[in-house]
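Letters A, B, C and D mark the chains in the order given here, with residues in each chain numbered from 1 onward.
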Amino acid sequence: MKTILLTGFEPFNQETINPAWETVRALDGWSEDGFRVVARQLPCVFGEANEAMAQAVAELHPAVVIAVGQAGGRCDLSVERVAINVDDAPIRDNRQQQLVDEAIVPGGPAAYFSTLPIKAIVGALREAGLPASVSQTAGTFVCNHVFYGLMHAAAKGRRAMRAGFIHIPYLPQQAAAHPGAASMALADMIEGLRIAVRTTLATVADVRVQGGAMQ
Amino acid sequence: MKTILLTGFEPFNQETINPAWETVRALDGWSEDGFRVVARQLPCVFGEANEAMAQAVAELHPAVVIAVGQAGGRCDLSVERVAINVDDAPIRDNRQQQLVDEAIVPGGPAAYFSTLPIKAIVGALREAGLPASVSQTAGTFVCNHVFYGLMHAAAKGRRAMRAGFIHIPYLPQQAAAHPGAASMALADMIEGLRIAVRTTLATVADVRVQGGAMQ
Amino acid sequence: MKTILLTGFEPFNQETINPAWETVRALDGWSEDGFRVVARQLPCVFGEANEAMAQAVAELHPAVVIAVGQAGGRCDLSVERVAINVDDAPIRDNRQQQLVDEAIVPGGPAAYFSTLPIKAIVGALREAGLPASVSQTAGTFVCNHVFYGLMHAAAKGRRAMRAGFIHIPYLPQQAAAHPGAASMALADMIEGLRIAVRTTLATVADVRVQGGAMQ
Amino acid sequence: MKTILLTGFEPFNQETINPAWETVRALDGWSEDGFRVVARQLPCVFGEANEAMAQAVAELHPAVVIAVGQAGGRCDLSVERVAINVDDAPIRDNRQQQLVDEAIVPGGPAAYFSTLPIKAIVGALREAGLPASVSQTAGTFVCNHVFYGLMHAAAKGRRAMRAGFIHIPYLPQQAAAHPGAASMALADMIEGLRIAVRTTLATVADVRVQGGAMQ
């Protein structure tokens, strides 16, 4: 029985809810075809978030980890391609830290690519009628911090572990307070994550289809 | 028993589904507190759309008409403020007509304001956790054409009839084919229209709260 | 000798400069082919702005009036199609007034269309390599207030007077403080206004080319 | 006398002009304070672009290289932070190649960070009244391809060479054909590049100020 670890953050930036946590908690305990999902919440705090992730990985030995984060303003399920080794925070985290141009792992590589089948996931999501795209940047706040920390752990760990990050839009109730911002229904985000998990398990080598950006 | 007429268009612009029709058809026959909803589909055709609307109004004598249209790319339930007396079509309609700078009603007033309580509707939608805003333009394609024709009929008719227009986003399945475009779940759009109907019936004079735009 | 009146506003909304005033002041005194340009500054104040415009019109008897305003965030020279009879201010004006849902002219028509050749102007601007478009809404702040007041005066006045409104982007120096906002060089905005004036004088009936919006 | 190499691409994607080449060619031969600028054009072709860059570097031994590219739709001078080791082309290049998920340097690191003082450059540009920002992604087309190839060469070369990439908007004449797209005057882009060169030469260690993105 493979364990699939899904993580979502606590609310941040003056929100009282985080769609990432709402989505992954709904999938906690979901079991199918030889795998079982465990959902964990991460603090939206530089450093502590990666410690919480490391503990969960050490405890659960997951075959796959998908970290999920809120991307306020984005309109679709954004499957991230690459994590970069820098913290450069536009706002303070939940411990009032605002790191600027700090390496996440001093001496670590400049970046890691997701080891999820990002093109297959985007294709499966669209096939299912859910808006989705490959994203070329996960930003430089706590989401990228966790994504980089996770990929570094996967690269350095002794057990094989596929990992990546998916950004999701605001919930409608959040967008109601942010005129001009897109949103997605919780049920669609949950269904999207189910598809991402199943597609990851079903895909050995990612499909080679265009998912890039001009600039 | 008051009749509430809700209209939605047939699909257009290479879509195979129209969220406006899907939303209003789901409310056809909905009855509550002394009103009953009738949903009608309109062709996405200059002229014919207004004839279909006129027939429905003549047949049903509705107390309230809310015309609903797809606004591909918008992110929320956009309650339109004003209809203007011009057709200027960026694309062809479903009869291959592309009117440019034609008056909808020759000699008619330049514009009509919605007689729905647009501020109260936006407020009630947001209160219910649904993204919504007042829109200052319904464009110059068939949506504005129907909106203007409807308001002209309401102004000239002998019976009192409150009327207006609400633009709604793509469905998720449409946005899946339009990367970068926002969407909204059908269930949320249906719930939003329910709220718009109830708020209209419950509101005699609109509330006076800000809903304008800088430019 | 025809007089062409160009107006621009004083700075507002915490800006220290207004591109509209910078643009029109640069054209004050410009004379060519039987016309002479006079530029006037308007206060960014509901009511007072229209009084200042009325005084300038009474004094100068212009054949053409083009009111120009800043549209922070827009990327091109936006030739406005229609002014609507409502003030609904997202922010306070320079006298700390924030009007909400007030008629500009109580009992006045819901809207007036520009009497400038808006399609010919957009065409000439693009031909000259300047980004331009027809805009379907001038908002509901002081710009629309002046535009509506101007068109009402033109409609009611005894002398023939063509009139309209052009929204222009931030200057680069303003956009430097608003990351994500577009801008345009002052020299290009000045050249654009020259083209708008010449095109207006050279065009009796506007060209009929598409310039509308889907929604 | 230090040599500063500035590169710009030939036109691509159906354009007849490339703002990057227009900008850097205007600075060819510019000399000041112990440095001299050489401008070179690069083909918009995967592979060939990096060969042309390598030849220029081998010939000129520049102390600094700033590669410049067109970012159609962006509104400011975007100083890129990071180049990633993947080609994923949304369109064909000028040799009709459309690479998908190919490593630029097989076995190379996932990414390189710019070695220009990106924060100091953005600060100096804004100080001079020019819109500018740090960008977290240079895309996955030929711009990123050249950026990565350049940084790889800088990392592997025996001589010290600082290098990076700046994306610039459309010229106004291009935006005139792309309604909704921002632009910048050529003179401002040239002045911006002058500032970038001077700031690079004047800055040993970059300033530590926020320039990141939430997501």
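Observations on the structure shown:
In the analysis below, contacts are C-beta pairs under 8 Å (C-beta built on N, C-alpha and C of every residue); 3 or more make two chains touch, one makes a residue touch a chain.
Since the model is a prediction, treat every value here as computed from it, not as a measurement.
Most remote from subunit D, judged by the distance between CA-atom centroids, is B. If each chain is reduced to the centroid of its CA atoms, subunit B and subunit C end up 30 Å from each other.
For the pair subunit A and subunit C, the distance between mean C-alpha positions equals 47 Å.
Once the centre of each chain is set as its mean CA position, subunit A and subunit B turn out to be 37 Å apart. In terms of inter-chain touching, the protein chains here make up one closed cycle, each touching precisely two others. Residues 75-76, 125-126, 128-133, 172-173, 175-185, 187-188 of subunit D are the ones that touch subunit C when the two sit in their complex. Those residues of subunit C that touch subunit B in the complex are listed here as 13, 69-74, 81-82, 84, 86-91, 98, 100-101, 109-113, 119, 134, 136-141, 143, 167, 206, 208-215.
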